[in-house]
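Both complexes shown next keep chain A, but they swap its partner, so chain B is in the first and chain C is in the second.
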Partner chain A sequence: MKRWDLIVVGMGLAGLTAARTAAGMGAKVLIIGRGMGSVALFGNSVDVLGEVKPGTDMAESIGAWIAARPEHPYARTGWKVIAAALDEFRALFPPPYSFETAGAGNSLVPTGAGTLRPTYLLPATMAAGAAMTREETLIVGLRGFKDFQGDTVSLHLGCRGTAVSLPRYGLEGLTAQGIARLMDEESFRDGLGEAIRGQMAGERFIGLPAVLGLKDPAGALKGLEALTGARVFEIPMLPPSIPGVRIFHRFREDLIARGATFLMGNPATGVSIKDGRCEGIAVHNPPLKTEYRADQYILAAGRFLGGGLQADMERIAEPLFDLPVFQPGERGEWFGERFFQPEAHPIHSAGIVTDADLRPVDERGKVVLANVRAAGTILAHHQAVEEKAREGIAIATGYLAAKRALTQ
Partner chain B sequence: MTQENDKRIFPRTFPDVCVRCATCMAACPVSRVTPRFPGPKQAGPGAQRFRSAAEASVDDWIELCTSCRLCDTVCPAGVPISDLNLAAKAKFLDERGRTLRDWFLVRSDLFGELASRYAGKVNRLLENRVFRRLLDALFGIDRRRDLPAYETPTFREWFGARPATEDGRPRIGYFHGCFTNTNETDVGKAAVALLEAHGFSVVVPPQRCCGIPRLGVGDLRGAREMGKRNIGLLLPTVREGTDIVFTSTSCGLMLRHEYGRLLELPGAGEIAERLFDLCDFLLGLHREGKAAARFRPLPMKAAYFAPCHLRPLGIGLPALELLRLVPDLDVRLVETECCGLAGLYGFRKEKYDIAEEIGRDLAAEIARMKPELVLTECEGCRMQLRRLTGLTVLHPVQLLRNVLEDHGDFPRAEELPIPQLDLQPPGTHPLQ
Partner chain C sequence: MDLQTEVLIIGGGATGAGIARDLSLRGIPCLLVEKGDFTSGASGRNQGLLHSGARYAVSDPEAARECIAENLILRRIAPHCIEPTGGLFVSLPEDGHEYRATFIRACEAAGIENLPLSPREALSMEPGINPALIGAVQVPDGAVDPFTLVVENARDAESRGARFLLHTEVVGLIRAGDRIAGARLKDRITGDEYAVSAPWTINATGAWANRVLALAGPRIELALSKGSMLITNTRLSGRVINRCRPPASGDIIVPNDTVSILGTTSLRSEDLEHYDVSPEEISFLVAELSRMIPAVREERFIRAYAGVRPLVQSGETCDDRGISRGFALIDHAGCDGLAGLVTITGGKLVTYRLMAEKTADFICERMGMHVPCLTRTQPLPGAGLSHALKDRLARLRRHAPATRGEILCDCELVPREAVDAILREGKVRDLQDILHRTRLAKGTCQGGFCVYRLLGVLNELRRGEKSGGSNRVLKAFLEERWKGIRPVLWGISLKEEELIESIYKGLFNLKPEEIPLPDGGGA
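Moving on, here comes the complex of A and B:
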């Protein structure tokens, strides 16, 4: 029977942050994920709260917003914890591939749909996107690469657009991963840089799909900027996200170096409960079932995509611990009129309700399991996507859950 | 109270669990290097939606899947991607027919012991340029690929010639696998030394090839046959309450999981319950404070590479954790996935370039790390890593044996050969 200080279920940004925070405090950590977390799908920059206007100080503005939403996960953390957690996140990414804000607040950066969206922390490869102007920017697509439609992006942004062939003939049809891997090579990115330079007409900014390398994105950025004489930025695109994969790999590398045990690929399928405490979690790798035990547990399994929540025709359930789940009325009330509507669908507020310590509570506010906490998007009463708060919620609650679990 | 929720509730051929999120596309080593393979999302659940048992297979790229299983480990929805690929590969090859080369390659267990007996002659032949040209031209075994040399005596012969050690110590079984038996006997000797140093009496039950090479050519019937035989051979050992350990992660994955999960063989679960990765087994002893052996300091810089087939075993990185118990050893994980060789895959002429291109990433990463030594559990990875890096590449148990405090007749740590790092510069892209 193996024993850990903390077991984290879920490998998205919340689970990774919780595990990393605990490992940083010297705890023996086991992290279980049925697959690679959603950060590899959607991770790019770090959103904290989209509503805060660019040019406005996040620290000053977020307080009032949180105060008006006492049930929101941010009400559990407050700005102080968010800021401390973001500092921990940033410490994982030392320069040159660091995450910074542009000023004290949000900045607007281009997306793969050709829109501008507000975000808080930008990786070094996206920083120039916050400074671009439509007159001075060239959007560059890669011929044969389907996941980034440069024409659409440039049309919507109102910039000039072009497409270049990959430096080595015959590689068209490669995936984002395939191109990113070649971008780690100086000769390849030099070839791409030359091709881009041939298309330029005095632009000062170049926007490219987010494929600037897996191992050395800052080197790729520097090389391309030297060749083109312009500031280069990555534009987030369809999953999987190369910048997100970089985040995942950096967390994994750090966790393994700190002695954490990383179990990816099989689901946590069962728990042992005794006297209001979790005693163990079973992982099913057919034909074997293995139980892992720890003093503390953090559930960061995400919502519906990662399987942290499951819905049937009547109710929404949390399948691992069978925790009480807040759900907005009956199924007929879960969705708005239109699929693409600006407001959040009511179902987006579903999730686990917790006490101030992030321990799940029942309808009467009573703690369900003394040594289990929830973190990330599985928490109730947020609309992470519409609020543009996804990474902020994951990082802040993951950090707080680990701190509380270990200082109990 | 125990609550259950299993992600694998669907039949294995059901593709609609896939939401096409594309996480697998971030993990596949083949689609990373060539557009000729459409990647796990499309090759597995995507194409499955268009397949029909009644119609002939058109998946002429399905053979490019290496069965590394990395896609399975990253999928957040539990789609059995590699199973879908395997079933499609089996159908494609059943219809098209398998080559004589593949018939021969997946049965290397049948002539391995014979080759060991005449190792001197066989090895000279394997290095003979004319013979290699013939193998290349007639059978499509790429002549640029080093063929592993055979050793005399085999591991089993060496083990059988040792004096019996029935002395009341707890017994432990060892599954050595074909490669250890005939091509890298030192891995087996190291396993025996480590287990004995930890207070066990080692038994080597009769065993056959685990059958994983046959899965590689979609020969499910052949793999099942090998599985049945091995289960019959291993059951007596586990039924007397003896655990069995393995040193090859691919054999281990086949025995511990695929016999039960994929091939659904009777008795597979009973074996799996008592089957352990050797490093995981030893790590458990050290963690529980029950380890009788201690390791001497080894001031060296080593890179540890985690083989693909270690990952679906779901045991983390026990070799890395165990190696960290060696004082002064600076051991770091290689942050790159898949060596490209994929067992027999990289020996095949038509796949040689893909294997090399995948391997190039690994070579570049190890060049960045500048280790003196590389460690990995998989025999295929070791072959590929030796070629890619020119460094000494060992199984972790070989290093651990060498630093045992009481190392008996085994070579001392200082005797480990450490050649210089010699990397080939990347040439032009071979996959155009």
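Moving on, here comes the complex of A and C:
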């Protein structure tokens, strides 16, 4: 039986980062996942910590924030690891489709609800969103495409809004994926550019739903900017996320080039444990059940949505290794009375508690399995959504878990 | 703008709408005011059960006879609001054969059609029920769509001259000596206040009866009982499944289109605006009802909700005319020396028509009119439309837009055209009005995706305005949605919850703000 150096469970940003970090160190890596992971749902730009005010240096501000939260996953990594991991991430995306900060810290970019949200690294297709002004911007919706409501965006941002028909007849009801594939065709996006130009009244910025192609978004951007004479930016919208799918594809391409093995579509269903170590992971591909073995394992299966955590009516569990899970009280205490409330719902603090090495520990702090690590949002004691830290946590802990696993 | 009418009806639930139709059919002008939308009180927060009366056959034969009589009438006059599913009363080993025998005798005595079934027969009809059952009895229970029923009553009344004011609250009762001569109304959306004068005022506000009466002084003895229910993601049975034991909490599962509704609990309640479903109630319902249908334990739930039943305290009403044990018609002239004011409360959804008939009879008698009630036989306007799935699908197909339109709701396949049609009618006044009139937000994601899209459609009508809004409507919707979803958050529902929080709090960066809590409902 073939043996790997590292098996990663989960194909979200944490799992992908862990696999790539390990592959970059020359390790033989197997990555197992049911599907593309949450990066394909929510991945747009790279959030690190939303609380850091725009114009403030992230490196200078984040240290104090982490110091006040000794249980947070960032307390395991510290800024140095975050920064190194982000550099690795950026290395994967060379210009023209690169990820950059606008200044030293966060920038505010428009969303599909017409709000502004803070984020750290922007892909080239979103950079102009951080520079737009309401007087000079036209928000363009696509008729028949329901997951981006341009009029909601323009109304709330206070910009002018319009909607254009897609250049070909009968495309109403298309999905984001469908439109993105068409945007890879030059003639299609030129048609769209012409339609937008017809609606312009001297605007310098144009906001579009984030569907500017899967293969060559930078080319699409350049083409549209040439036709309209304005700076064009993508706006994040309801999932799935096309920019997130781009991230996934880029990781996969790179991992395969480095000799990693992708096992996608079937879940890991069981593990063999011996003497406090994991010996293998079973993947169920009916009717077959195959066991894969490695020296090291990283669990990056996400939270409830990804299946990394599960809850019945009594408690929250980690279904694959049955690792200890930090419990946020009884079921009645998992969520607050209001959906929007100043403090995060207690359930979000649930997850896997680890040692400094990202190895899961029990209530007494004892390492459970010597060769298993956890990374990404499955970790306890963070509020990735409200902290605007999802990608930062995934990238930094995925990176650190792989480094520690291979240098053990 | 001051108005005048013969009879002012307060409350747009089944009783109020039923009274409006009954009076209109007798040629008596009336005007109905409702604080929210139709059925925003108990009429919209029940289990959607068309009682056969079998549930009361042993404990309250009179109520049982009333139920079966109305059940049969509604099947004739409102077939399009009813799915004649039939029902089973299932005996589990711990329920014993003795109660089952008593139950069958009581059904016979009350005139309720009943068919005893062996466990094998019952399982062949309903494979989902607990195979340990020791017997079952088939009765003519059914499922009813209360919203359509109420809207149909209102539509018929309106075509005969009745007027309806929704989102309009009664803020005062106008006194003229020892009479109530009308009411002061407030439009809850525009804030406009005006008066309506009427020789007769009917308080048909159910659990809210004392709220209205407080505007004039009197008070009736009314106990409020909160009942919590749980909606499944799939339909668990073809028929209504009841537990064959003395009436108790957690003893019934009612199918409703593609889902089932589990019920209920019964807790005394005082607060009419905020009634939450507690985790204990949910655990109780799941534990009890999984005894009848074991799949309940593994089922995904999409929402929990509670309604408040108004229970009339027997012996406390001085002039209830002994018309029914289940409901009370109170003439405040006799009780409180206030002429022109009548309260009708208590009762069940299935007896709404009888309550309306008795109320209208009373008003006619006092007016000195002798006009017979027609609602016993006269079908509702849409009654020609069959409720059978194949006919409903055929109707949908006829109304489908010629071009492939946008589907706003992927869970329930609601096309944008359906919303455009409602907007063209021009009667809806807020987001919830649109949601009540479509299947939007009723599916698995409970509006997580489609309400964003619906608001986009509404914002399209405002194109050109540069308001810089606050997403207040969207946030208020998510807050309202939360009330139903929070109690069922475990298992698969947690995936949906993570998705929705990631979208609205994460991607869209919506933040808490001071939003007034939405109303609990009611007239």
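In the analysis below, the second predicted complex is superposed on the first by the 406 of 408 C-alpha atoms of A that agree within 3 Å, B and C clash if a C-alpha of one lies under 4 Å from a C-alpha of the other, contacts with A are read in each partner's own complex, and residues count from 1 in each chain.
Going forward, contacts are C-beta pairs under 8 Å (C-beta built on N, C-alpha and C of every residue); 3 or more make two chains touch, one makes a residue touch a chain.
Everything numeric in this text was worked out from a predicted model, so none of it was measured.
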**Asked** Clash or fit: chain B and chain C on chain A?
**Response** fit
**Request:** Would you sort A:K388 into first (chain B), second (chain C), both or neither based on which partner it touches?
**Result:** second
**Asked** Which of the two partners, first being chain B and second being chain C, lies in contact with A:L41: first, second, both, or neither?
**Response** both
**Request:** Return first, second, both or neither, reflecting whether A:L305 touches chain B, chain C, both chains, or no partner chain.
**Result:** both
**Request:** Would you sort A:L320 into first (chain B), second (chain C), both or neither based on which partner it touches?
**Result:** first
**Request:** Applying the touch criterion given at the start, work out whether A:G112 contacts chain B, chain C, both or neither, answering first, second, both or neither.
**Result:** second
**Prompt:** Touch check for A:G173: first (chain B), second (chain C), both, or neither?
**Reply:** both
**Request:** Scan A:L238 for contacts with chain B and chain C and give back first, second, both or neither.
**Result:** both
**Request:** Using the touch definition from the top, say if A:P342 reaches chain B (first), chain C (second), both or neither.
**Result:** second
**Message:** Looking at A:N371, would you say it contacts chain B, chain C, both, or neither? Reply first, second, both or neither.
**Reply:** neither
**Message:** To the nearest 10 degrees, give me the chain B-chain A-chain C angle using C-alpha centres.
**Reply:** 90
**Message:** With the superposition applied, I'd like the minimum CA-CA separation between chain B and chain C in Å.
**Reply:** 6
**Complete:** Dual-contact residues of chain A, meaning touching chain B and chain C, are 38, 41, 170, 172-173, 238-239, 305
**Asked** Taking the complex as given, what residues does chain A use to touch chain C?
**Response** 38, 41-42, 44, 50, 111-118, 134, 141, 144, 146-147, 149-152, 154-163, 170, 172-173, 236-239, 303-305, 310-313, 330-332, 334-335, 337-342, 345, 347, 384-386, 388, 390
**Request:** Would you pull the chain A residues touching chain B in the complex into a rising list?
**Result:** 2, 33-38, 40-41, 168-178, 181, 184-185, 187, 215, 238-240, 245, 249, 253, 256-257, 259, 261-267, 269-274, 282-288, 290, 305-307, 319-322
**Request:** Could you pull out which chain B residues touch chain A in their complex?
**Result:** 1-8, 19, 21-23, 25-28, 31-35, 39, 72-78, 256-257, 260-261, 268-269, 272-273, 284, 287, 311-317, 320-321, 324, 332-333, 335, 361, 364-365, 368, 426, 428-429, 431-432
**Item:** Interface residues, chain C side, partner chain A - complex
**Value:** 276, 278-280, 283, 286, 403-408, 416, 449, 452-453, 455-457, 459-460, 462-463, 465-471, 474-475, 478-479, 481-482, 486, 489-491, 494-495, 497-499, 501-513, 515
